[in-house]
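Got a structure for you, written out below as structure tokens; questions coming shortly.
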Amino acid sequence: MAKELWKGNEAIAEAAIKSGCRFFFGYPITPQNEIPEYMSLRMPQEGGCFLQAESEVAAINMVYGAAGSGARVMTSSSSPGISLKQEGISYIAGAELPCVIVNIVRGGPGLGGIQPAQSDYYQACKGGGHGDYRLVVLAPSSVQEAVDLTQEAFDIADQYRMPVMIMGDGMIGQMMEPVEFREVAKRQLPDKEWATTGTKGKRKANVINSLFIDPAECEKHNNKLFAKYDEITKNEMRVEEYKLEGAEIVFVAYGTTARIVKNAINTLEKEGIKAGLIRPITLWPFPYASIEAAAEKANVKAFLTVEMSMGQMVDDVKIAASGKKPVHFYGRTGGMVPTPAAIVEQVKKILGGVK
Amino acid sequence: MAKELWKGNEAIAEAAIKSGCRFFFGYPITPQNEIPEYMSLRMPQEGGCFLQAESEVAAINMVYGAAGSGARVMTSSSSPGISLKQEGISYIAGAELPCVIVNIVRGGPGLGGIQPAQSDYYQACKGGGHGDYRLVVLAPSSVQEAVDLTQEAFDIADQYRMPVMIMGDGMIGQMMEPVEFREVAKRQLPDKEWATTGTKGKRKANVINSLFIDPAECEKHNNKLFAKYDEITKNEMRVEEYKLEGAEIVFVAYGTTARIVKNAINTLEKEGIKAGLIRPITLWPFPYASIEAAAEKANVKAFLTVEMSMGQMVDDVKIAASGKKPVHFYGRTGGMVPTPAAIVEQVKKILGGVK
Amino acid sequence: MAVIFEKTKALTDKTFHYCPGCTHGIIHRLVAEVLEELNLTDNAIGVAPVGCSVFAYDYFNCDMHEAAHGRAPAVATGIKRVHPDNAVFTYQGDGDLASIGCAEIVHAAMRGEKFTTIFVNNAIYGMTGGQMAPTTLIGQKATTAPLGRDENHAGLPLKVSEMLATIPKAVFVERVSVHDVKHINQAKKAIKKAFQLQMEGKGFTLVEVLSTCPTNWGKTPVESLKWLQENMMPYFPLGNFRTPEEV
Amino acid sequence: MAVIFEKTKALTDKTFHYCPGCTHGIIHRLVAEVLEELNLTDNAIGVAPVGCSVFAYDYFNCDMHEAAHGRAPAVATGIKRVHPDNAVFTYQGDGDLASIGCAEIVHAAMRGEKFTTIFVNNAIYGMTGGQMAPTTLIGQKATTAPLGRDENHAGLPLKVSEMLATIPKAVFVERVSVHDVKHINQAKKAIKKAFQLQMEGKGFTLVEVLSTCPTNWGKTPVESLKWLQENMMPYFPLGNFRTPEEV
Amino acid sequence: MAGKVIFDENRCKGCELCTTVCPFNLVVMNKERINIKGYHPATVKDMDKCSGCASCAKICPDVVIKVEREK
Amino acid sequence: MAGKVIFDENRCKGCELCTTVCPFNLVVMNKERINIKGYHPATVKDMDKCSGCASCAKICPDVVIKVEREK
Amino acid sequence: MTHEIIMAGFGGQGVMAMGKILAEAALREGKNVSWLPSYGPEMRGGTANCNVIVSEEPVGAPIVTEASAALVLNRPSLDKFEKDVIPGGTLIINSSLIDKKATREDIKVYYVPANEIANEIGTGKIANMVMLGAYLEASGAAKQDTIMEVVSEIFSGKKAEVIPLNKEALTRGAACIK
Amino acid sequence: MTHEIIMAGFGGQGVMAMGKILAEAALREGKNVSWLPSYGPEMRGGTANCNVIVSEEPVGAPIVTEASAALVLNRPSLDKFEKDVIPGGTLIINSSLIDKKATREDIKVYYVPANEIANEIGTGKIANMVMLGAYLEASGAAKQDTIMEVVSEIFSGKKAEVIPLNKEALTRGAACIK
């Protein structure tokens, strides 16, 4: 198939449909409106159902119902809307239901702004909702990758019975890039025997539930969830390592910010400064090992985390670097986007300081 | 004043009233119901207003309105309800409004259970809502401390114009302990010139707002917030250090868990094992420095973080320990409470391993 | 000997956890009997709320979801859109449906979602220990209205059925009671009708059932039935508020 | 020369950001004129929604809050309970009030919160680019109803005023329009009445104003006024739905 | 046409609702017995008078009562 | 009793609503001018005929128009 | 000496009140105390219990997992809590309602026919005070006088007539310990 | 060579479409491309702009802060974006609507009376294509033929009559570059 120009939001929506997603429940919010809008047109064509919910709270609970009924289902929103979904997400994680949630992040806090940001990293990776649970968080840095990860997200969700988040920003959602829709590698997916379909008199009743009133049961359930999370950490962690060979400075950046960092790396290269990039593709599970390995290398002088936030991923980078190399941070917020030039300048400052 | 037996939830409510809190908006949820129930009786007696909101979402937005109007105002809930408040909390932080939010944490995720837990640490400290913002998070470990911290919480909120969270668990909320209501040290609090009261024709209109549509403005606002957060980190960080002198093993634990750890420390002492405790009282700002200092000490062999969660505070302990000493973890979840005996056993295992 | 009455198979054998005399149990039974009589048990997917009936999933012998507080109508929407041919129902208390879940029920009605809601109005928050509900009567005491609900402070009780009856796609809305055998029979009829209309694809159907909470009302079960009749029924009149025009 | 008409002082000098011909501007002016005429500008605290009127705080010359999407009634409740003597109002769109904020408006009405809601019904989500609102008419196209709203899929448009009029403490509920000068005058009268009743402490007051969205309706401003009259008014009849019995 | 009522005694919570609806006032609480839950269960003293109308069963919130009738 | 209307021209967005309500059809768009916002602003050609009824002002969504009238 | 006590029974048996009275009395005697109830729907119909700690030292965990004493007023409570008593600790069993015997041999067990005694005194409602009287005697966790001080304040005014009944209940309970 | 282009104008001037057409054409010529619009309420009434990148290399950041070229169709866009052009870069100004001159001296500036030319061709709507024609000529970012291939597909069917007008617009625009 020839590559076609697709807008990120629409590409994500089409990728979902190609992955067999037939139910979408959402609520409008900039800058992700093209996802529900596209779905409203395409879902009926595919015999699926698009429904505009009365709110984000309702949308995530419709997702809960549809996911528990065995459907491939998705919702999308942007930061304030994702905050409203936190209770529902915690329920979905607690009831072990598979679904895909897209967050096209915008500047916060509060109503904030509508320009690109990455300030929902904590919320996505550390649990914005209550209780101990995790989402698999996928952070595409191009429209093509958004498509590929969306397609896989449904499989990951089904394989592990858990919610998967695609975390992008206004740039990913709004930009157009060439896209090829590819087949995803087939996974061995378990049957959804737990789903509610009506018993048809053929099996015991299925119950979708996250209530464990006996603390011992509740703890057992938590342990079960975390055993699963351990397995995911083993199987699904993804990272791109870029020009790490001999790098003095190692960037850690994800999503669109990572692309900007790559520009900066190329500029630095021209100026004779070797820099590399560790780009987490799964924000959770976080690629601690890559950073640990880089921290061990003699050539690496320091890490520089670049984010469109006040430095939320820095925690994880510090945990991984474990004091072996300094961890610096450069960030822009509120919809401001870091420039390659500013990043280059940061590096020079750091290397000046390190030398 | 003689000490009286008070139930934690009611003591918190009375402390709030004693601090001049005259508005309370809440919604029932176990195990914090005694707070709204107490308020419903006491507020009218003090000329204040208790209102049961239609939901947690409404409650936090009523708090937004009342706080913006210049009142001392509080809300309380437990885990799922706090998840629903995340958008509102982000708005309050964004609009720089002072208020006090109580979370009497229960087991999660989802509906979970109603027994004590600490699995909302991430949500409280890392930002359960969208965007870059912080709450001051106070974690009392006794009813007396709950009273003292609640009284101060209102001052902290007013001084820095930001939401302060009291984070307890079902034990703190439900237990009775002797309490003395003390005067809090007076702070120099700024006038609420920004509050909406009607202009009375005497000043320009005040606007309570978190919208900054221009990204440059939005970034400026973020930077302003974080400058404030830096100041708070400098001024308000609190920690209890217990028997650190010569400790081989340093516990990090907060809230009621810290009390259990103290029991374990005393048992260990009898058995000739020196153990100490770093108890964060402010979960944010987190007392990194105490842990850093302990990590530097030769006598300290390891840290053991004990939590009623799957290990959410461990991140912060690791960041502070910075690889200098190993950080271990022991946790119970879902309403199960660690026992001193089990903790002692963990220590022996670790020291066995360390030696 | 012919069996005149026995526990329907649409209920599991589990004993209800409800307090003695709590009419939640009667309402469960009625719903279950209707499922069985309409041959829907094997086809049904129910949604339990958060409230005293949170464990409803243990009692109904059909597939069930436990929904977040107030969100049962949204969950049921998700289910019914996936399984349009199944019988889908929510079972919700007055705190759940009329307070926190107000938007969800109004919008399920507006969209004409083809499921049935059993709305158990006991004028109180049962599970959490007797706080005021939107349906708590004027003067009625609650743990968050210790001097009784004051209309100047907290308004007048919400008449959910009357409100929803203004919505055209809420095709069947009826208020019933279970305080005596005659009314129990009528209640069952209404529930049956609601499920029938659902299966005919007519639209959203709701049966509001006045119910007791002896524990939080501070009354014996027998006194409670009387209180319901004397206090709730005058404010919440029984009757049908909407039914489809028959052809 | 006598000044017959000029911009009221209750509006700031800032030019509205609204699209050309958008009647949000007219409604702003009416609210401001009423504040001024009732001598309430200095006393007023308004609440702006999330929607096209999100910047309302820039235009009204009084204290303002910017509320989260749909939550203006809760915010106003907080404000009014703190300042019972101030004139408090919310200004909300139909997405904001009828969709995400449905529970908040119903419960403010139930409690009889003593503020005034200006409810701008333009049958669309303006700000986010023309998605379907609960008030979008059958057959009307929206970016999330690309073939027009289908009643079998999305139900029939919600008649908010009719629904709220079932709530006793909603003491004044009236639907008006601003498509011509006569109706603009009537709209102003209703808004004035609402504020007067608020200040008399009567209860919750709401004025629903039918409004245009030329941009997302895909029509010129002049065509839009006509479309409002020919399409919205038949479904959303103008008139008073509740008014306190005068003594 | 005589009826018969059978109580699943251990389900009974002693709420007494059944005692209020019997047309013949047959249903009473058995103050001498305590069931597994700690309640005095309901019982019928004079089974012969039972018409099998099932009123007691229909108002019982705990589905304690089964009713039979002679053919 | 002649009226006078004054346009705050740079506020005008050229929406034409004012042109539809004048009882004397006095208000027209000035196609020759472009204001600071890039719109052709509304204007009144024949001010003498204006009665000062303020209809144009009342329907203007952007509060462009001020109306005066001779005493 | 630290007393860590579990008190347990059916919902209406007054175990919560008994615990609070003990905690209050011990507080008046200058001890450190805590009282922690079970809570939530499990209480509905089912069992209710509370943990009381009375100590010279500051109270650590308010939750009692290794009890110096357990007061069990009904059968399910015996089944549930017998194992939590430390070796050498005290178990007081309401033999009016519990026909079973304790199985542990490493603890002191007392059988108190609390409901019978209470009925004899004239009100079944103060079986809890009989149990408390027994416990005070067995443990010395607080003085009877201080308990009575607290009780007198609770029942001041109209209900004052029950004060002597409470005193008798304590005393009769104490008499069961030998 | 990497082309990083800012295209900006009023809402209705077709800057978004012009950017997409360029990106699509360059893609067909085997280049790496990206197109990024401004979005949100700022578009309402105000200015609209998009960033297009055409490159032999994989595209890094899709946002253009150092533009190799800027095409400005109205005055506010000139004011906003002139500074973002790199030294030696290209600035194409729609002189029909912008009476101001560029202030930079270190860049190539072209004045294209796009609206006038478009009106001459017969439809004011294709002023954007005049600008694009000029830009193609100045930069070689894509071939006119490929652009026309894309345009022909967009206007296939009923609207096909505008295809030759577009071609003329491109050519006339190109002629402005000398």
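For the reader, a short list of remarks on this structure follows.
Letters are used for the chains, namely A, B, C, D, E, F, G and H, taken in the order the chains are written, and counting of residues starts over at 1 for each.
The rule is short, and it goes like this: contacts are C-beta pairs under 8 Å (C-beta built on N, C-alpha and C of every residue); 3 or more make two chains touch, one makes a residue touch a chain.
Keep in mind it's a predicted model, so treat the numbers as computed, not measured.
Steps from subunit B to subunit E, minimised over paths through touching chains, total 2.
Note on connectivity: the fewest chain-to-chain touch steps from subunit C to subunit H number 2.
Which two chains touch most often is answered by the contact tally, and the pair is A-B. A straight line joining the Cα centres of subunit D and subunit F is 26 Å long. Annotation: 62 Å between the Cα-based centres of subunit D and subunit G. Work out the mean CA point of subunit G and of subunit H, and you get 86 Å between them. Subunit A and subunit E have Cα centroids lying 60 Å from one another. For subunit B, residues that reach two or more other chains under the stated contact definition are 30, 51, 54-55, 57, 80, 87, 91, 95, 110-111, 114-115, 209-211, 213. Annotation for subunit F: residues touching 2 or more other chains are 13. Residue positions 40-41, 45 of subunit G are each in touch with at least two other chains. Listed in rising order, the residues of subunit G touching subunit B in the complex are 20, 23-24, 27, 32-37, 39-41, 59-63, 65-66. Remark: subunit A residues 57, 79-80, 82-84, 86-87, 90-95, 105, 107-115, 117, 119-120, 122-123, 126-133, 209-223, 225-226, 309-310, 312, 315-316, 318-319, 322-324, 332-336 touch subunit B in the complex.
Taken in their complex, subunit D has these residues touching subunit A: 50, 54, 66, 68-70, 95, 99-100, 102, 125, 127-129, 131-132, 134, 143-146, 153-154.
For subunit D in complex with subunit C, the touching residues are 99-103, 106-107, 109-112, 134, 151-156, 158-159, 162-163, 166-169. Residues of subunit A that touch subunit H in their complex: 3, 5, 30-31, 114-115, 170-171, 174-178, 256, 259-260, 262-263, 266, 337, 339-341.
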